[in-house]
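The structures come next, written out as structure tokens.
Heads up, the next two complexes both have chain A, just with different partners, chain B and then chain C.
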Partner chain A sequence: MNYLRELPKFEYLAPQSIPEVCEMLAAHEGEAKLMAGGTDLIIMMRRREVVPHYLIGLKSVPELNFIREEKDGGLTIGAMATSWEIQSSSLVRQRYDFLAKTAADIGSIENLHVSTIGGNLCDGFPCVDFPAPLLTLDAKVKLVSQRGERIVPLDGFYLGYQKTAVEPDELLTEIQILPHNHRYGGAYIKFHDRHAIDITTTGAGAFITLDSDGQTARDVKIALTTSAPVPLRVKGAEAALCGRKVTEEATEEAGRIASEEASPRTSWRSTAEFRTKLVQVLVRRALRQAWRKVTTSSSSGAAPDLWLMHPLDPRIGENR
Partner chain B sequence: MTLEEVIEREGYSVIGRPTPKKDGWIKATGEAKFADDLYFPGMLHGKLLRSPLPHARILHIDTSRAEKLPGVRGVVTAKDFPGILYGDFAHTRDYLPLAQDRVRYIGEEVAAVAATDMDTAEEALDLICVEYEPLPAVFSPEEAMQPEAPQLYDRAPNNIASKSEFHYGDVEKGLAESDYVREDTFETQSMKQGMLEPHACVGLWEGSGKITLWSCKSSPYVVWRHLAMGLGVDPGNIRVIQTYIGGSFSGGKQEGMPMDFCAVILSKKTGRPVKFVHTMDEVLVIGHMRHSMKIRLKTGVKRDGTLVAQHCRIIANGGAHASIGQLSIFLPGLGLNLPYRVPNVQMESYRIYTNTGFAGALRSHTQPQICFARESQIEMIAKELDLDPVEMRRKNARAGGDVTPSGFKLGTFGFLDGLDRVIEASGWREKYGKLPRGRGIGMAGSGMISGARLMSHSASSAQIKIREDGTVALMTGSADIGQGADTVLSMIAAEVLGVRVDDVTYAMIDSDVTPLDPGAFSSRVTLWTGNAVKQAAEDARKQLEEVAAQKLKADPKHLVFRDRRVYVRHDPQRGMDFASLVRSTQNRLGHPVMGQGSYTSGDEPIAVQGGYGNASPAYSASVVVVEVEVDEETGHVTLAGIWNASDCGFPLNPMAVAGQSMGAFTMSMGQALYENLIRIEGQVMNPSFRDYKMPLIVDLPKVENVHLFDIITNDPNGPFGAKEAGQGPGDGVIAALANAIYNATGVRVKSLPISPSKILSGLEESRSNKP
Partner chain C sequence: MKQRVPISLTVNGEIHELFIPPWQLLLDTLRDELGLTGAKRCCIEGQCGACTVLIDGKPINSCLYLTIEAQNQEIVTAEGLVEDGKPHPIQKAFVERGAVQCGFCTPGLVVATKALLDQNPNPTEDEIRIALSGHLCRCGAYVQITEAVMAAARETAQKEVGV
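Up next is the complex of A and B:
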């Protein structure tokens, strides 16, 4: 690892529109990097892990920053929506409180205001938090280049450690979440050493839709953070629950299967062994929480002051 | 006695009242100038080239390409210095401003550049070509002690950098006579100061030979000596000027560092002022860590819990330099003398050279480590003997008047009062062993010196000048490092002179101007410098008293200085305004009002290799209780409550005492649960505050669950009875947390940090052990 240095020299480009971004990407293919909030990119540049000639700033492209409801009831989030905007969006909170909570927990208050969801997805790190809850929502992303547009499901977007489906000439413009026609509930629970502002040791997201019988899970999606080289859907665990009542024993079993599907690594941050144990616990808890939401109330929207709630605040007791 | 009763009885008008820090305003508004805020015309920016290898011979350094880079004004290597070793203890000195023929850890300084801007300076580093011959490296002290291990220094066989050994009483006999003997090994990790302001300095070498260093130094006079030593110049040519300091906690702000030497030598070379600022990366990679230790502690007790004998063997990772390590390795002995009566104590402690960043002083210098071991073990012994851990501590506790086996004379020692306070306030009796699973309560006790008498220079001095408007210029050599020295020392002067705290200005340390003093470390400032300030203020008051007595036709003994007035005690109307008294004395009678004072605590030396004697003029005592909640499925620990009672003698500024107490607590909590500077093959893996995890505000309990108590003992050696408050309150915290976690889960963790994975493994083990 290299030590933090001053930024290397680069030329900053400030496009005004998506076509302009694509044009610049095409013109400087291999030499340019997109810059969203820069919370990861700037550090990587200061450590000389990437040294681009051109930085294409996305802040000057207003059409990338939005959160909107589609006519069909779907939700679309622009790549440049910040964590803060997502955590405070009433649309997101009402629909997917756990996504708002995920956003609220992306680092410090400063980081919340700068970091974007697009940057988080395109990082390609298995330890960032947005991919898992979005995977459970079956989200898709739109990739745009001069060659055209394509819609790619997030499940399949991650090709390897720090490798995504985004081609060098492409830009991720938005994240699409289709409407859900059944009752649903979701949760994302992450573990880290401190109570806030910490890299996720392991995280688990769960999303359950209820069958019309009001008793059993029609569909279950489970995804993990820092449990494999990529953000990971654990489909075996999902399958074990579909069509069933999500009982204690069922969550237990799903947790166990998920931990078998996971392949975390040992690094100086943590051990594979500990992470595997966490997968079991976190999957169980996420499922329990999602099931509680789906069976008890209509998704209620998250508490107003999500950020930095005290760890012993009863409102976060639901993490257990 | 309560605080209010003491204030009432003594008639204090300033001290004892919560007083906001004097520089709070300018720090909050950004007006205060830290070293990095200084700009001088023509100033250059410096940058250090660091070794990428943990151990290597330097064969050749070619700086020619760097020198040719436009914007580069100077490049220096070891050749530009006289090659004189500098450092604290003559027999362990091994610092050089830049590595000469060998590098001994990744990050060691090899060359330095000064350029017109930072980017150019950095670019120039890439152009310096250093030819290394890699040498085998050794990273763990145990391996380094093996005969075939790579040797770091010729003068240190088996890589023993320094050692300290003592034996008082007869430990072998004591252990033989004990009913129960227990031996445990505890391991502690590398930890960093984590001060918010990285080291920074500006150096200037003028044509006349005058050398000036502006820097955030907590001990400017130590730096002054180091610079003279390493540069081979007369100390009189050197001037060290302190800037505002953004936290110190000892370490590099206490001594001369490569950046300081390079700033002045590059200034000499270029004729310009040169500034250096470390990045946080550099701060975390270079030395000055808390020593990581392996502590083997063997304790013998009677059936009733009476401590009989204690034998401690410590192996500490010293890293690549001696630093202040000879002192570091002596200080764990403090822990063996305080806070319990153990008649037979023996210690052998070894500080070992390895190819890692070097260890040195860090807040409460080695005490948290030794307290972790001792206070964890007491709890285990109590459990084994089915004794109440509180009663076991009570039975063995020291009290004022005690003399410890190694000769510490405890004037006052409010340990038992502290114990009672926290036991009652925390509801210990209702909680211990009665909380629901996953919830636990734990305690620990500790003692701490108020300034060590161990260095060749330990005396403090102070000067006071009173201006004609009645304001007071106070000068000492003890830097305000954020701990509140500026405020508490001003309060002492204000109390004596009967003015307000705001009437007193506290000067930055300037070696050309302010009085000589070792600086801010070892919990010495309030007691040592405070006594000097009190004496200086009394001296100035005496000068005014003589004039006032004449003017007011009163006996000087009957004069009261209070609220900016001087008056006769039994006839308060008969008095005069303080400022006009100063004007009469100074402007009319021609007696400039200037007071001076000093403090020392005896001259008999104590050998840091393990000698007998009184280590300090006073000792504080602390008892801490914590309550935790442990998530038994993940091992995650949440703090639910803190009860901390500390005997600071008398809290001169209760607000500052509370702040220090909380700061010390939090720092130790960081070491207990999160912090760990991780090196793999000598390379630091987490050189940022994102990955080097210090506690956050959300990691602490809610304010309503934080309870801090001042135990008042009015120590006769302290100014107005005050002892230290900045370090002791944190000493027991790690053990208290370890004990609370044990209480909550039944898992005993003997290595730091107490990570969730260790707790979880422990839980699994105990589950699988159950039939």
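Up next is the complex of A and C:
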């Protein structure tokens, strides 16, 4: 039992800055693993699915943990921002309430305090929740190594099951979201068995920007969780809605197209058939919710009525 | 590869200078090095909440946290809620309301409740359920647990206004 209980042995490194992380990654290429919150990595190490010789801790690098507004109005989130910090950030809530809500649902409160957005994007599983809403926002990530830095759109970041664009000597430092200059609304809806624990059976995110006519969708982005080997944009469904009013019939059509674009697999959690049906329903619901926000909200797209304060949020008293 | 490294850990207000393997998890350090067996070793995958402790007031799963990363922070376990040998009002409420059956999930629930009431002294039933949703009770005492948290909240509120 000790074998299963204890982690495999490693040398622990605690860098203080991004250049130091890069130096360590270069020095131990292929032998080192980055450790963010560890909520995925520790489990994989315990199961001996990953056995790194060096563990590079990122909790000691303060410059990786921030959420800030850029001068041009864009939003940048540091890789080490925790799910809790994202869900409670006023900036994220005002801008993209659905992203804050996604963060609030990354497992139990115990998991929110430790899990990070960088770890969520880099583990490369199609079942984690941050990629879909971020894909609908056209997010980009910054990858840094001793060779330099590069900006990679999230659409294209996922190369296959558990395969991302991050090279062994690279580190993801931040997630960038450009400003949206039209009225917009977004939603992310996931289906799962047990709120606090369960990995998402299937999820759908939608983000709609309104045309200046105030009537039709200028642009629509839709992305799916656990519906393909990678987090997936469904561009056919998006195209079907652009320039149109997002009516009930339109959402139904988009849901159908999305379910044809998806290629989910059967696992113990659910059959592929059920997941395909879920895609149809969840895409419709996400679009409905996003459209309601875009047509009823002010410019920001945040609809407070859809958004409950987390019970452990100190601001909860202000809402009573 | 170093088999042990020196670390300094603050648990329940006491500073411990320890010499531990870098791959040791906080749960194992608490139980095996410090003899604090309140935090329970159960699913060891973050699914059940039995190993929950507070780090700087925040509940976390100690089965998924490296001890070496818990330095320079205040760790509180269920043992740490006891004051002058007397159980904390939350602990008392759990006992009095029958929220403790086999007791295995209790220490984790008690510290998670502490974190909840510190932020939200007057939670609704729904808020309690969400805040404690990371905890499994195999005896199924969920109704009593919720009642105990409500009772503890009332008790704490009364203390504060000096009733």
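FYI, the second predicted complex is superposed on the first by the 291 of 320 C-alpha atoms of A that agree within 3 Å, B and C clash if a C-alpha of one lies under 4 Å from a C-alpha of the other, contacts with A are read in each partner's own complex, and residues count from 1 in each chain.
Going forward, a residue touches a chain if its C-beta (ideal position, glycine included) is under 8 Å from a C-beta of that chain, and two chains touch if they have at least 3 such contacts.
No experiment lies behind these values; they were computed from the predicted model shown.
In the superposed model, A:Ser270 lies in contact with chain B only, and not with chain C. In the superposition on chain A, A:Glu167 makes contact with neither chain B nor chain C. Of the two partner chains, neither chain B nor chain C is touched by A:Glu249.
Look at A:Glu149: by the touch rule set out above, it reaches neither chain B nor chain C.
Residue contacts after overlaying the shared chain place A:Ile197 against chain B and chain C alike. Between chain B and chain C, more residues of chain A are touched by C. Of the two partner chains, neither chain B nor chain C is touched by A:Glu29.
With both structures placed on the common chain, the touch criterion links A:Glu49 to neither chain B nor chain C. In the superposition on chain A, A:Tyr12 contacts chain C only, with no contact to chain B. Annotation: chain A residues 5-6, 9, 194-197, 310-312 touch chain B in one complex and chain C in the other.
Remark: chain A residues 5-12, 14, 35, 38-39, 42-43, 46, 53, 55, 57, 59, 84, 107-111, 113-114, 194-197, 310-314, 316-317 touch chain C in the complex. Contact residues on chain A toward chain B in their complex (touch as defined above): 1, 3-6, 9, 191, 193-199, 268-271, 273-274, 277-278, 281-282, 308-312, 320.
The part of chain C that touches chain A in the complex is made up of residues 1-3, 5, 21-25, 28, 41, 44-47, 49, 52, 55, 58-61, 64-66, 68-69, 112, 115-116, 119-120, 122-124, 126-128, 130-131, 133-135. Here chain B touches chain A in the complex through residues 50, 118-119, 122, 279-282, 285, 629, 631, 633-634, 636, 638, 640, 673-674, 678, 680, 683, 685-688, 690-691, 693, 695-699, 701-702, 755-757, 760, going by the rule given at the top.
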